[in-house]
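Structures are listed in the sections that come next.
What follows is a pair of complexes built around chain A, which joins chain B in one and chain C in the other.
The block that comes next holds the complex of A and B.
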């Protein structure tokens, strides 16, 4: 199935991105290049829809990714013709094109200077601020990117995308408590986002299993991870990622019950007893094997899962089965 | 393109037959009613010449019953032919997105609904505003070099 041009293309597989950009000439030909704003012309030409400009933006991203710069320039030209040279989004896309075409560090520095220039004229230009941060990150200046992100969040604290980026930046630096804090902010803004709950669980699991984590913080993180994965399943029926995490966490908890359980403080989430954890583990195993079975058989109504994720779940299940039979022997 | 997920071809066939039958019945009832009233008025015209008894312009019971029955059958056919309703519980709806993907959100023509966007919170993980285009290009070039492009181009 061809992916739609109406959704941001960054999570597409390379094959899908290639497919989209190969269709670029046809899409460009089939859509109006300019839309007149005069009411008389609007009577005779096709109606202008916001989707058209969204389509150009996403096509631009796909084409840049696959290296089809000519089509990308065409998309940008059309956006400029409609929205003007100084539109904030258009400015960001222009910068993106320059970033993609920069051949060495000097050119990247020049792009960065341009961003600074734009921001010195108008420092509330959020798309350009975001471009500047991601360029800094892309050039390896991660701590600078983090401090700029904090600044951005200072004046725009409801930007969930920026909080999520901050969490990712901190995670790459190994700053687990900060990353978890930032992701919790995303959840404050979007409390029903089941994938963010699962992501937070994953981060907490990583923090718990990181080499530096001591007994106290291990208990805290692993209990929180259990809670987050359970919440993600509560929000989304048959959520493969949530069940995968739940299985991982409960298996880990069951394997190291020898560790002394710390008395949880008042406002903290305490681990449930072993029986509950065992039942959760069984539930996760049953659900995961159901998902794997239906998904590999390509049953009707079970084809939405990502093949790589199903393969990972299969591997986890077989590893678990091997461990169980090893104990029995 | 696959047919609509829940509607097997057999189901649509049944619903279409029932709808057509109901429509036919309704048309017949209308025709009968029209004929009856024409006959009534003709008879009234001839009768009023001789006697002065007022004619009662009520329909016979069988035409009324036929109309009501036809409407019910028509309704049954249409209801059988509609797609299942969208889930209204959050976790069922979210689970449908994860489990079925686009397939769960097609209309009767087999087209994916325009308002389907998958997981709406996906953007918090993909973060299109912060896209690192140079990394994406590098990864794409790697993918092509490793022979990933060959299969896609052949397709």
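The block that comes next holds the complex of A and C.
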């Protein structure tokens, strides 16, 4: 499947991004550089569509990723010509270009100062706020980035992107309860996002297996992780990450010799009984091996899985098989 | 029964070129001009300052929590509910907390809402002024003429529509006066404007009138709505939720769903 320029390129593999940016000259030549708004010209030329500007933005991102700064500048020029110098998004893209071209830390500091300058004039400029946060994060000032994110979310608590970034920041700092809280906010805004359900399950699994987790919180986290993975599979059939997590959690639970030390409190999720966990484990194993088999054979309808994820699933399965044969022997 | 004799009126063929075409062209040109006048007069979307944004988005956040509470576990839902209701009831999200409890300001005295009304006035003016001018122009120069005969028969009911300005009782309704041609142009040029100016043009007054009759949009944060009352209502809505989670029994559903 060729990647489309109409989707943000952040999820693309390096090869796809390279492919996109190599097509940049053709795309730039094939699309009009400016769109006249006079009625006569509109009669004879193609209509201006929002997709065109979206295409330029995504092309700009791909080009920056592959280091084609000349084409990126061309995209930016066209955006500026249409949307003006002071558009919020255009300002953010300009900053992004400067960040990409900065050679050393001092130049990055200067870009950061420019962001502060823009924000002092207009403190609701959300694209610039976000660029500033990600610049802070990439400069290693993670706690500053986190506090800026919290400030942003205070006046704009309906921003799913910011919430998930905050969850990621907290996760890198090992603050599991905060990360889980932030990710739950994403779920409140997008209740059927199966990837977020699975991600939350992963975070809860991490929190449960973290060295500091005691008996009570371990049980709470692992029970909810089990349920989150189940929900993500329920929302999206054959979801590799969901099955992977389910298998991981159920295996962990089955191997745990220690019985649950106490009953779950009223407002917590209770673990299902051992029979159910075993059946879930079997289901996950069967599905995972099916996915691995089909996707290594490149069967029709089973493509599109991430190669690394399939390899990880394969490894998990073989580890499991080794453990089982070890017990039998 | 005798056939009704076909009425013939001898018209100067020049009427066609000197009345019909000019009226049509003038109508199209005013439509185009009106479109560009509206585009030029349109004020940029007003900047929302930080406190207003905070007030509005906090309310939306509460609504989100209320409608999607089922993705949360009971404990995290209760935490959020407690935090939100406390903040809502204490007015922590309000734009100006000192105005709490006072009557909402008169929307006419609020400058920000005045601007919206001015915009509406401007649009109305852009519609009314050219129409009045053209109407009086036509009345002054072309009133009282019959300019064309429609190529199809019509019933007598159409007489008042097509022969405005020509008070002749017995004339066949197929004859058409210049004023009526003007009215036909008002209502019939929409597709011409669509062709010239694109689909979302501001040239046709028909579309604007339809827009005014449509349901009012964006009333949630409109002027004259007291945000404090909205917050209190939302706090109540949150407080009465009987929590359940979509995660309750999800593993059973999964096992049944996959094996079935």
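We take it that the second predicted complex is superposed on the first by the 324 of 329 C-alpha atoms of A that agree within 3 Å, B and C clash if a C-alpha of one lies under 4 Å from a C-alpha of the other, contacts with A are read in each partner's own complex, and residues count from 1 in each chain.
The rule is short, and it goes like this: contacts are C-beta pairs under 8 Å (C-beta built on N, C-alpha and C of every residue); 3 or more make two chains touch, one makes a residue touch a chain.
This one's a predicted model, so the numbers in the text were calculated from it and none came from an experiment.
Taking chain A as the reference, the larger set of touched residues comes from B, when chain B and chain C are compared.
Shared-chain residue A:234: touches chain B and chain C both. Using the contact criterion defined above for the overlaid structures, shared-chain residue A:279 touches chain C, although it does not reach chain B. In the superposition on chain A, contact of A:96 is made with chain B only, not with chain C. In the superposed pair of complexes, A:17 makes contact with chain B only, with no contact to chain C. On chain A, the surface touched by chain B in one complex and the surface touched by chain C in the other have residues 234 in common.
Against chain C, the residues of chain A that register as touching in their complex are 39, 42-43, 47, 122-124, 154-158, 181, 184, 187-189, 191, 197, 224, 226-228, 230-231, 233-234, 266-269, 272, 276, 279-280, 283, 287. By the touch criterion stated above, chain A contacts chain B in their complex at residues 1, 4, 6-8, 10-11, 14-15, 17-19, 61, 64-67, 92, 96, 99-100, 102, 127, 130, 133-134, 137-138, 160-162, 164-165, 168, 186, 190, 192-196, 199, 234-240, 300-305.
Those residues of chain B that touch chain A in the complex are listed here as 5, 90-92, 94-104, 112, 114, 117-119, 121-137, 139-141, 143-144, 148-149, 151-153.
By the touch criterion stated above, chain C contacts chain A in their complex at residues 32, 47-51, 53-54, 57-58, 60-61, 64-65, 68-76, 78, 80, 196-198, 245-248, 250-255, 257-259.
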